[in-house]
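Consider the two complexes below, in which subunit A is the common component and subunit B and subunit C are the respective partners.
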Partner chain A sequence: MHKTKKSTWVVIAVMIAVALAAPVAVGPKNNYMLNILISYCYFGILAASLNLLIGYTGQMSLGHAAFMAIGGYAYAILNKTMGLHFLIAIVGAVVISFICGLFIGLACSKLSTIFLAMTTSGFAKAVTLIIINEKWLTGGANGFTGIPKLTVFGHKMGNFELYYVALAITLLVFLFCYRLIYSKTGRAMQAVRNAPIAAAAMGINVNGYKFLVCGISAALAGLAGCIYAVNMNYLSADMFNKTSITLLTMTVCGGMGSLFGPVVGTLVIGTLPELLRTFSGYLDGVYGVMIILVMLFMPEGIYGGIKNLAGKVMTRKNAASQPGKEAQDGK
Partner chain B sequence: MFVQALIGGISQGAIYALIALGYSVIYSTLKMGHFAQGDFYMLGAFIGLSLSTQLGLPAVIVFTGAGLLTSLVMLGLERVAYRPMYNRPMNALLIATLGMQYVVQQIAKIIWGSDVKRFPSMFDNQAIHVPFMGDSIAITPQNLWVIGICAALMMALVLFMKKTKTGIAMSAVSMNRKAASLMGVKITTIITATYTIAACLAAVAGVLMGPVYSVSFSMGGSMGTKAMTAAVMGGFGSIPGAMLGGVLLGIAETLCSLYISTAYKDVFTFIILLIVLFWKPQGILGQAKITKV
Partner chain C sequence: MGNEILLKAENVTMRFGGLKAVDQVDMEIKKGEIHALIGPNGAGKTTFFNVISGIYMPTSGQVLFDGQDITKLKPHQVTQKGIARTFQNIQLFESMSALENVMIGHHTRTDSTVLGTMFHTKKMKEAEWKCYHKAEEMLEFVGLGDEKETLASSLPYGKKRILEIARALASEPKIIMLDEPCAGMNASESNDLAQTIYKIRDSGITVLLVEHDMKFVMGISDMVTVLDHGGKICEGVPDKVKHDPQVIEAYLGKEDEE
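Right, the complex of A and B next:
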């Protein structure tokens, strides 16, 4: 059974407290900052879902934004066009993206990770084209306008309330990832990533797990798409073009294969566009350079880098306080 | 109409084949993909555009110049970004090539700006009318040049792989990397050579295609995906497979936009990719791989 250290719990508690206090600190009327805070929520979910795929199963998805788009559009169509309650619409959107993910997984589970990367990037192109061309369903190139805000018991939710709903969903998603990773399924996923042949020899259904993780990851991305749709009240195909690269940078730079990685990545990369507002033309290049630099010098991402550094400092401190222990360990 | 579309399709397919060959060469030596391949196609087109319009050089020099300059850029980027990762887990390199895609796009954006640029045609634009089975088919010299140059380059590549020492060393590395290195083949040099060849082929394809579609910094992505589909279709990692896959994809796509829908051309490519992956994932000419422990 996995045990989380006490210090980790303290860090998590502090982070949640900060997240709860943040909207009060920026003020409930400050829509600009609230939008950024909500964007941390859906990007956090997206990064966590991509992390399940890239970090834990060793599979690559280049078109994760497509699943987000599917989730968002499915929610918008179910809620506005068909007039369903928003809870049913969210469940419907998640199920639809889950099915799409399973379908892509079915095509690629037998093959190496390059093929999944290729198929997902093709899938993203196809989804964009379908959204643009099927005007009657999605509003075409003009986008899908007028997605209603959430209404609970006759009360219309503003961004302030929406942030808490999004935060609650994000925390649930992270709890789900945590439970998943330390379950039998999670261990099987990591076995598939580290040594597929050995995993198969131990009786793990390698293709089955790849297939399943594709679905789960897509479903979570669809959920993030729902939050995005509610927050923006508007969807268009080109909003999702840039998301795939942003998302990949978040997951890769934050740290693949750890639960804290996506959180760090979301906070760092999510803030970057705001800081580099004057250089927004160079943002893609910055992402590209960051991905390459992280892969070259910190393969475990920013989170992994910090952890290694902290570990080194700690051992040095221990070695300084207990001279001779290191020498014994050395032998 | 059908024959006309067929010729257009073959010339389009020859371009796909040229880029797909790059994927195949890289996959056979490294056993991995190179996602920035489409962006070297874009870079080649831009370099060709500058050489042709700003310096006014003749077509032959434009082609060789674009090929060589793009190869040089690839050489530099490979040295800085890829080489330290050859002995690490392959996923790191794969992700780095994704980052490279955006770096190359940014370089092009800084040098040539983000506008769509028109590439003036380098060949005679007068269509040749050929009578065929009762009607007349218009063939543009552009199409003929594309098919001719692509065929010549493919031939050159096959000869290079079969006859030269470097080519044979490449085959050796693709068969067994460890054994090849024990026989004195310098693995890093061979990998660098593969990347350079791939970039050079893509650049020539870019110059060929420039006058047909205009040139812009973001055009590499969709071309890359299509060429990858072509490579998978023919058999990923096989050189004749990439050629066959490219031409077949070009024909299928042109016929689709002729008979079904132009707007859904890219969706059609994706559907072909899915069909291939479900039905014959090793491709038409590829061999099923058996993984040994």
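Right, the complex of A and C next:
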């Protein structure tokens, strides 16, 4: 049975404490910083969901932002156009994303590697085009405007409150991922990535699991889309153009196949555009260089790289204290 | 040893384009025996294995397991029925620990759902512990009790083969099919392996084995089937097979050739 180390729990506790204190530190009226903090939440969810798909199950997706868009638009339509309560709208958006994910799951179970990458990329393009052309539903190229803020008991939530809601959802998503990974389903997912033929011979329904994980991953991405929609109050198709690649960068650079990877990836890649605001024209170039460097020097991602480095330092320390010990043992 | 037939292949043919990899093979495997399948390279042994374990669907013929037709089942359904296998080219889940590998072997017998996982129900926790203990037990059984936390990728070659057997056993099979289990093992390792195979047989699991090492096969098998060019050329107890002219011919070539 999986046991998480005490030191890991300490790190998690510190991270949660920092996350809780952050909006107070930047000030409840500092909308610029609060928006960044909220973006960490939805990007975190998105990276974690993509990690389930790529990192754990080994299914390539180049169109993950499509599910975020589907979730966001579904929320906006359910909430504003149809006037449903935001909780129902969120559940509806997640269910719709889940179903769309299963649709891609069908492709997953038939295609592999590069073919799947092309299919998901095509899917994302198709979703964008549908959003632009179905004007009556989505507002078309002008975007979907005026998505209302969350209202609880007559109180309109500002970004300060929204951040805490988003953070709570993010933590729940990570708890879900943690439980999923250290379960029968999680082991089966990793088996599918490691050796599909052996996985099938162990009684794992390989296609069934690909199908299921696509659905789960899309549902989580849809959930992130809801937060995005509420935070932005506005959606348009071109907002999602580059997001798929950003998400891929976050997941791959952060470290695939670990729960901390997406967190590290989100914090690093999510902060870059803000730091490089003056060079925003070169942002994509910076992403490209980052991916190349990380792939060359830390193939397991930034998190994996740090972990390996820490491991090396530890063994060197042990090695340094070892000779004396051996000499004593010799006597 | 009873005379009950556990696995029966009737007229199994597997054709790849113009090539008949397995040609009308009949085979019966009795419950509780160690049955070996031998033959020169390219005789169709592994293909026959793949047909039984559901990776290939035979062009014609039938596979019956415990009286049920399993010809059209998918690999994971075949495992569910109680047929486990190992691979000639080792297929471990390399990035996972030895224990996790074996836990995956127990997949079909683990009773937990995604919803149970989400809410951490008591039933799910119990299922997980059961799976954990089963995996521990299987590692002890094959003598890998000390390698629980070792990554599969960092195990030495011989131990990888043994780990595959532990993983297959974790699925609680009625028959285990070993595809060249002692390939690349030294004498002492294959001797240990023979002991493990006897232990498996004694625990009530039937063993079907593909092997090249004649000494090994003749030593431990109750029954031997010989394939050559996809067809069955001989079947019987090791002593009979050893002296069969057709078998000798298949392995050493005809005297008057050239």
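To be clear about the criterion, the second predicted complex is superposed on the first by the 323 of 331 C-alpha atoms of A that agree within 3 Å, B and C clash if a C-alpha of one lies under 4 Å from a C-alpha of the other, contacts with A are read in each partner's own complex, and residues count from 1 in each chain.
Everything below uses one rule, namely that a contact is a pair of C-beta atoms (placed from the backbone, for glycine too) under 8 Å apart; a residue touches a chain by one contact, two chains touch by 3 or more.
Computed from a predicted structure; not experimentally measured.
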Who does A:203 touch here: subunit B (first), subunit C (second), both, or neither?
second
Per the contact definition in the header, classify A:107: touching subunit B only (first), subunit C only (second), both, or neither.
first
Which of subunit B and subunit C A:187 touches, first, second, both or neither
second
Looking at the overlay, what does A:99 touch: subunit B (first), subunit C (second), both, or neither?
neither
Is A:176 touching the first partner subunit B, the second partner subunit C, both, or neither of them?
second
For A:195 in the superposed arrangement: first (subunit B), second (subunit C), both or neither?
second
Does the superposition put A:91 against subunit B (first), subunit C (second), both, or neither?
neither
Residues of subunit A that sit at the subunit B interface in one complex and at the subunit C interface in the other, please.
197, 201
Complex contacts: residues of subunit B adjacent to subunit A:
27, 32-33, 35, 81, 84-85, 88, 91-96, 98-103, 105-107, 109-110, 114, 221-222, 225, 228-229, 232, 236, 263-264, 266-267, 269-271, 273-274, 277-278, 281, 291, 293
Of all residues in subunit A, which touch subunit B in the complex?
54, 58, 60, 62, 107-108, 110-111, 113-115, 117-119, 121-123, 125-126, 129-130, 132-133, 197, 201, 245, 248, 252, 281-282, 284-285, 287-292, 295-296, 299
Note which residues of subunit C are touching subunit A in the complex, please.
53-55, 74-76, 79-80, 84-85, 87, 91-96, 100, 103-105, 107-108, 110, 112, 114, 117-118, 120, 124, 127-129, 131-132, 167-168, 171
Considering the complex alone, what residue numbers of subunit A touch subunit C?
1, 176, 179-180, 183-185, 187-188, 190-191, 194-195, 197-206, 212, 216, 257
